[in-house]
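You will see two complexes here that share chain A, one where it goes with chain B and one where it goes with chain C.
Right, the complex of A and B next:
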């Protein structure tokens, strides 16, 4: 157990190191000049040499890549993630603010898609070959091919613009001071993006659960339960459900990477101030420190999800529990 | 004609699964009953007459491929027309003349959409090819190149999957200065990990098979074994993986362009069209978002269909699903 924890800590540190190097190199070789991208062409042209040199120092364009990385890494080890030049605030502060929104959005979508996916998968599996099974299967196949951001646009258009049931964007009403914002306001703003995000995540779990349900419904213990006089539905509920729920949950954890990717797009459409929107902003504005910070946080979230999934797989299936198995 | 003979006829028709002979048999039966013969009871006969699965699948594959090629070609031809704007025709709702409506500058949205889809299919083709070749090489090296190579490639795969795909695409596109090559190379360099895993597993399986062991003890060189035994065995998986990569590649291209890291705004692309449409949603120009998105969805579904069909054709064990 102790070696397991230690190994995962080492794995995590190596991952963070690799991700930060990759991000720095990718941003470093970019031909985009952060100064010109942020200041604007006309303003840049009318500046004096001194001002330009100042700006170059501010954005760190003069220093070589390796040196920049060393500076960043040594500060990072001491807990300083640098300053976001775009938001004019410490990166850690921006990350904490934004993470709250994104995590709330992802958690809600994650739970909803898990519940819907599980339910749809079980129904389709029990009623295999019937009309309802075909409808659910078709729905999942179509959803898996639907561009997330397009779905978000349509949802926004129908429910926010036409019907006016939900606000068009942001995580709270504009013009209200932070103290006046109620939990109801926050919920009102999060429902539409979260629903959109969850709809996209459903297909994966539903199809997987369907396959599993079909396997289980053909098993000896379900047949035995039915022989004892239980109905198909009862047998599925009493004996099938617990065999289905855990694999679905671990699959959900393993798909966190996709949900995060979806949240970037959904946040962009709904102008929802989360990590994804900040990442797009940082990319557009060449905000290296923030970009590195967000990449690290997203990689950490994915790592956490995969770790939980792997632990759950071991808990569910004792056959995987081998000594020295890489977790 | 004896009863037995009729049965045999029906039966052989069913065995062959041949529609024509089945029909001939039933016609024969009808004429016989008209002549006053007693008709035998047929116990097994398909309730609905249909194509057999393989033929149906082949047809689906061919039709999807044909539609996709047609869209790609027509799109290329329409590219110059798609750039033309006609301000007198601006902001028109869908009509017979402009089935998808027109945008703020009077571009015909149907033409723009087809041109954009063609660009997407082109990028998807390029990206899927590059990605699948990377996957083939890395997967084979991981399986055959010894423990260290395997560990390195497995680690690299994990690293690739450890960063959310969209974030990785953003970074690569940014590194290449955005634009066409930013998105094309970004999509090309990030789609190989899952196929790489499949190919690695497949090659490992072949490596342990007895026919490879025999070839080795006959003194065949590793290169000979790779080309004559391993490659043919993994080719089906590779082809299916390649085609199933298209939908992902196209969706990611559109997404990254939508976020502003892909194709430049003057180029007709679905991502551009949809991000532009966002400004006109509140004005009620719904057609700008609905139809181009639907068209993209359709193309992705077609690729998916073609890939799944090909998988069934190449993997007879699953063909009847």
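Right, the complex of A and C next:
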């Protein structure tokens, strides 16, 4: 058990190191000039050389990438994530502000897509080849081949613009002071982005669950259960669901990373102030400290998801539980 | 359902009826066979693209469908045709005997077991008549029989749910389970084990106990011995022998002719989806006692014989 914990801590540190290095390298080879990108073309053109040099120093464009990384890393180890030049605030502060929105959005989308995807996948798998299976499959294929941002735009047009049921963007009403914002305001604003995100996630979860269900329904133990007098449905209930639990867990936790990816697009379309939107701003503006902060947080969340899946496996699967350490 | 009256309830063992001969242990309890299968056909509906001459229509229960399909570039006619895997197969299991169905692997023997138990896929077409204990059966009555009157012994531990403890998986009355466990020398600890923790021999006995829970009168065993060492295989066969001697019947499906000749009372030779000869094991003593050329070829192929071929197969 102790070695297990140690191994996962080492894995986590290596992951964080690799992600931060890759992010720095990507920003380093990016053709964007942070000074021009953040100041704007016309302002840049009217600046004196001295002002430009000051700004270049502020953005650190003259400093070699390696040196910048070392500076950042030594500060990071001491608990300082640096300052976001774009937001002119400590990275940790931006992350805390933004994380709440994104985590709420992702959690809602994750739970919704998990429940509906699993249910649809099981029904389609057990009823393979029937009309209901074809409907579910068709729905999933259409959704799986739909770009997230496009679906988000359609949803925005229909429900926010034409029907006017939901606001067109942001996480709270415009012009309302923070103290007056109620939970209903927040819910009202989160529904459309969360729904869009979960609708896309559903297709993936449902199709994978369907395949697993079909595999299980064709297994020797389902056939034997039927040979013992159970109906197909009884066998599915008694033996199928139990065996579906393990792949379903992997699937659910693996889908965290996909939901994260989707949230970047959805937040952009709905102007939802979350991590995804901040990541786009940081990337476009070469705000390397913020970008690294966001990538580290998202990598940590995905790592956490996989870790939870592994732990659940050990709790649920007797083959791992009784044989001991297998992580 | 009509009760099938056997032509005569008394006949000598040398006498052939229903196209088969009897062994000394074969009994017609109640004046009929325990299981009688007549002209069983099992087929699947397949799509065929080339328009062909109409195939000989065997289907009574299955309609031949003809549909025109318009593709993007071509117009083809597809027709659902039947692919018959089991074709006019007849066999009978008497009380007190083990009937071995012997045929090559992958020749549709497992399908035969499924058909007798009423386990059909949606695209399967089954025809013919099955009597159990003198009563004509259909798919729903076979469903009611399986698990109680007719029990299935599968071939591997894979037939057990890998995530459920043995005791819970076998289910049923705990007293009956304990009785069977004692009879097959399984310790009570086995109830708390998962399938992956069983040895091959334990798994086989667990599968047998599972089959026997409902007190069946007919066991269908599908290749029960591969993967077992000789001692275990012999033990498995002894268990079937004991079961048959209690006045019950065993249908043993196997590809192993030697095993069949050693433990079975009668052998049904399975070839090309049908039983070409159903005869007492005693008739395998000499080739001239066998009627069908394929049975004689099997005789010659046995290791203690000459490996020679006689004529065309």
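The definition used in the following text is that the second predicted complex is superposed on the first by the 278 of 327 C-alpha atoms of A that agree within 3 Å, B and C clash if a C-alpha of one lies under 4 Å from a C-alpha of the other, contacts with A are read in each partner's own complex, and residues count from 1 in each chain.
Basically, contacts are C-beta pairs under 8 Å (C-beta built on N, C-alpha and C of every residue); 3 or more make two chains touch, one makes a residue touch a chain.
No experiment lies behind these values; they were computed from the predicted model shown.
By the document's definition of touching, of the two partners only chain C reaches A:243; chain B does not. Touch criterion not met for A:5: it reaches neither chain B nor chain C. Using the contact criterion defined above for the overlaid structures, shared-chain residue A:129 touches chain C, although it does not reach chain B. A count of residues in chain A touched by chain B and by chain C gives the higher number to B. Contact with chain C, but none with chain B, is seen for A:223 once the two complexes are overlaid on the shared chain. Touch criterion met: A:27 reaches chain B, while chain C stays clear of it.
In the superposition on chain A, A:65 makes contact with neither chain B nor chain C.
When the two complexes are superposed on chain A, none of the residues of chain A touches both chain B and chain C.
Contacts from chain A toward chain C in the complex involve residues 129, 219-221, 223-231, 238-239, 242-243, 245-246, 317-319, 322. Put simply, chain B touches chain A in their complex at residues 159, 161-167, 170-172, 174-178, 247, 251, 254-255, 258-261, 270, 274, 277-278, 281-282, 284, 286, 289-290, 293, 296-297, 300-301, 304.
By the touch criterion given at the top, residues 117, 119, 122, 143-144, 146-148, 151-152, 154, 156, 158-164, 194, 196-197, 210-211, 214 of chain C touch chain A in their complex.
Contact residues of chain A toward chain B in the complex are 15, 18-19, 22-23, 25-27, 29-32, 141-142, 144-150, 153-154, 156-157, 161, 168, 257-258, 260-261, 264-265, 268-269, 276, 279-280, 283-284, 286, 291, 294-295, 298-299, 302-303, 306.
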